[in-house]
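Accompanying notes for the structure given below.
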Amino acid sequence: MIRDTQPLMMNRQTELFRFSGDVSDPDFLDWICHRANRLGLNGWVRKNAAGGFIEALASGPEELLDAMELGCSLGPITVWVETVVRCPHDSDGPMPNGFKILTQAD
Amino acid sequence: MTISDVARNDWYPVAIENLLIEGQPETVVLMGETLTILRAADDQIKVTAADGSECPLTLRYGHVWSSIGRPEHALFDIPEAAEEGRRMVDCGPVRVKASPLRVVENFLDIAHFPFVHTDILGAEPHTEVEPYKVEIRDTVDEVWATKVRFFQPQAAKSAEEGQMTDYMYRVPAPCVSILYKTSPPRPGAWDVIGLFVRPISEELCDAYAWMALYDEDSNQTDLVQFQQMIFLQDRSILENQIPRLLPLDPKMEIPTRADTTSVAYRRWLKRKGMTYGAQLVAR
Amino acid sequence: MGLQLYDYILSGSAYKARLLMALLGVDYQPVAIDFHPGGEHKKPDFLAINPAGTLPVLVDGDLTLCDSQAILAYLAQKFDPTDTWFPTRDPGVTGRILQWLAFAGRLTDTAGAARLHDMLGRPLNIEKARTNAHMVLRELEAHLTEQGFRGDNFLTGSNPTIADIACFPYTALSPDGGIDHDDYPAIRKWLVAIRRLPGFIEMPGIHRLHDMRDEADA
Amino acid sequence: MYGLLKLMNAGLTENDQGSDGWVPVVLSADLPVAGVMRAQIDATQPLDLVVWRSRSGQVSAFDNRCPHRGMRLSFGFVRGERLSCIYHGWQYGEDGACRHIPAHPDMTPPASIGANTYLCREYDGVIWISQNADNPPDLPTFGGQGLRSLSVNRDEADLRKLLAETCIPLSGAGETAPAEASIIAENQTSLVLESTTEAASLQLMIHFQKVTPGKTMLHIQTNPDLPVDLRISLSRWAERFRWSAENMGTMVNSWDASAGEMRP
């Protein structure tokens, strides 16, 4: 069903999330993407193979970024998120419309 | 199904100590097993399994606690129970057709007060949940939520107007939640309300409320019935949440900051491997 | 000394008396009896007041009434100057009201018993109780459907009477005993009509109608 | 001459394939303004739905599960054009989109947070639900009056068979020769029973809702403007039909003398 996009009255902000712990299940990326789309956030998620963690850039109102953190900190049963680190991100570049998974090639 | 060790080897409430009458055995079901509780002629209380074997026993906080496994730890401590001047109130078991974990989770929630406990614990338009602090305290292996504040329309019988009330929540065991709340007669002190849940099955439980209050005036039965009123307002919610098990994967849900305690509780259950009463894959 | 009501907060029968007194604006002194977990209603002090050991009990001076339907009739006769809650001038009307007061007893025995089983763990053949409760609710549904054809919103006419108050609690509370209202559209409308009465009070298991607090829609 | 009213357009023929995908869930009159109800539909994927009517009269249907924490929305309440969940008061518009989260009152929820919606149409006195957006409603037209809905603990197929095979006097007591009713039209969702005597003609349209296996809801409409006593008779006929269906027997072929009289 197509819905009108509502104007978000709140201040949008962009944050970089780092999820670490036992996060190797590749389905976790889909899970995060699904959560971000559900929350109407823009951005991307990718696996940081070198660092062994997942990182995501998400843009939206603060309350929804909090909801993003909460949902992902629990995540699917195959994953244990030990820590979530969030830091503000000054992004000059354009944010993707919607939320997507970046592959290693991206 | 197999019951995970963490669920088996824990303590659960099986009776109210004061209500056990000598020579009159009571039977209850704990995670599918029938237990018999008896106060013998020598005033000793015993809990026996269906095969006749004796079960572990602890008498504390007005309740008889037992287990179908072998608890390696003592029952959690509630230091306030030993404080002088408090009044202990046993509110009795209420049966709920829901996962015991759902019952505990609901007890940790404040955002429902204006809609479910209208004009008692909350009232519109005072619905905002301010940020509060939640942590898993590794040293004691407990979930704590502190600095919780919420508008209460009538904090005490004498109160004319509503006010912000302070709360703290503590989860010392998967099926137990303890609430600390500003004591109206002693603003600097906390009243303590515990919810002790006995899983009958994964989707059915008995919940015992217990209170340790600073209150010298109220009639004991009035206190019991106030607590029963609150809990019965929650019961129809608990029996109508889908799924009946508590999801450990929140894919079908949308927790927000007001649900921080709920998420911390579920994370803690997940880490402990407490899967009894939990749904592992979201549906 | 005024009215005293020996009361239990979770009792649908005691709620009948509380509800009618609220609707009539009658003051009373509630006396909480520890039905659960204490079983105080079966102990000597209470049995001295009501040998049957049931709740509620209404005491008004020298008079003690131990049946919720009788309490409703008494309260309406004594405190309703409009004579609408229990009109007795027309024998046909009176007869029909008494018929529904008796019917209320069947609700208590079926849906009320199922609720005590599911909520407080009282022993019962629960499947049988639920089946019988649905049979009773079907009768109520059929009657309310016919009342609807007549343009009447309540059990015996266009105004509520003690018949409605007597049948309301255990019908409204039946989901507490695993008996939902999905099959009963006329009952659903009737329950809402009672909850909309001025002066209505709730009890645990019967939430208030939050829609009565209408907000400006953004 | 109320009984001689003809169906303006029964909308059904023997070849009619019916309105595939549309399921009747309630008579319009049984879902008043600000009404909220639960409807179950037995399908390949069984549905548990909330159906509600806004202040302005609009009807909507969602999954009966609040996206926040799974509470059944059928316990909720309607204010204005929104349905609120009873648990934490999350509000949803008729399109299912979340409009307000009371715990975070200053935030405007994004349109992506919403309840799962179904097509919901009010048509000719009945509220219908469909999962299939590609399938336009082709619903029966009857122009009648809602009689009542009642649940029967039998499968729809059994009920149709029983209705087809059984001699069912629809007319009231006092008739010299109670007429037999026959099915004059039938499709996948509904059928029309007609009973004609010299004095009167009666039609009942029955819409079937599969609720759960072994349980069917009948939503019954009649000719418009029937007198009260005849409507009572027909309501009691429906009760007798249910009794008969649930007891596996044949229809009791006598009219309840206590039922209303039909006076030409």
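Here the chain labels run A, B, C and D in written order, and each chain numbers its own residues starting at 1.
To be clear about the criterion, a residue touches a chain if its C-beta (ideal position, glycine included) is under 8 Å from a C-beta of that chain, and two chains touch if they have at least 3 such contacts.
In this text the structure is predicted, and so the values were computed from the model without any measurement.
More inter-chain C-beta contacts link the pair B-D than the other of A-B and B-D.
With centres taken as mean Cα positions, chain B sits 34 Å from chain A. The centroid of the Cα atoms in chain A and the matching centroid in chain C are 53 Å apart. In this assembly, the C-alpha centroid of chain B lies 43 Å from the C-alpha centroid of chain D. As a whole-number value, the distance joining the C-alpha centres of chain C and chain D reads 30 Å. Along chain B, residues 115-116, 124, 236, 254-257, 259 each make contact with two or more other chains. Shared interface positions of chain C, i.e. residues touching 2 or more other chains, are given as 207, 210, 213. Shown for chain D are the residues that touch two or more other chains, namely 75, 84, 86, 104, 113. Taken as a graph of touching chains, this assembly fits none of the simple shapes: it is neither a line, a ring, a star nor a complete graph.
By the contact rule set out at the top, the touching chain pairs are A-B, A-D, B-C, B-D, C-D. Residue ranges on chain B touching chain D, taken from their complex, read 111-112, 114-116, 124-125, 127-129, 236-237, 240-243, 247, 252-259, 262. By the touch criterion stated above, chain A contacts chain B in their complex at residues 31, 34-35, 38-39, 63, 66-67, 70-71, 73-77, 80.
Residues 16, 19, 90-95, 97, 115-116, 118, 124, 206, 219-222, 224-226, 228-233, 235-236 of chain B touch chain C in their complex. By the touch rule above, chain B contacts chain A in their complex via residues 248-251, 254-257, 259-260, 263, 266-267, 270-271, 280-282. Those residues of chain A lying in contact with chain D across their complex are 1, 3-10, 37-40, 60-61, 63-64.
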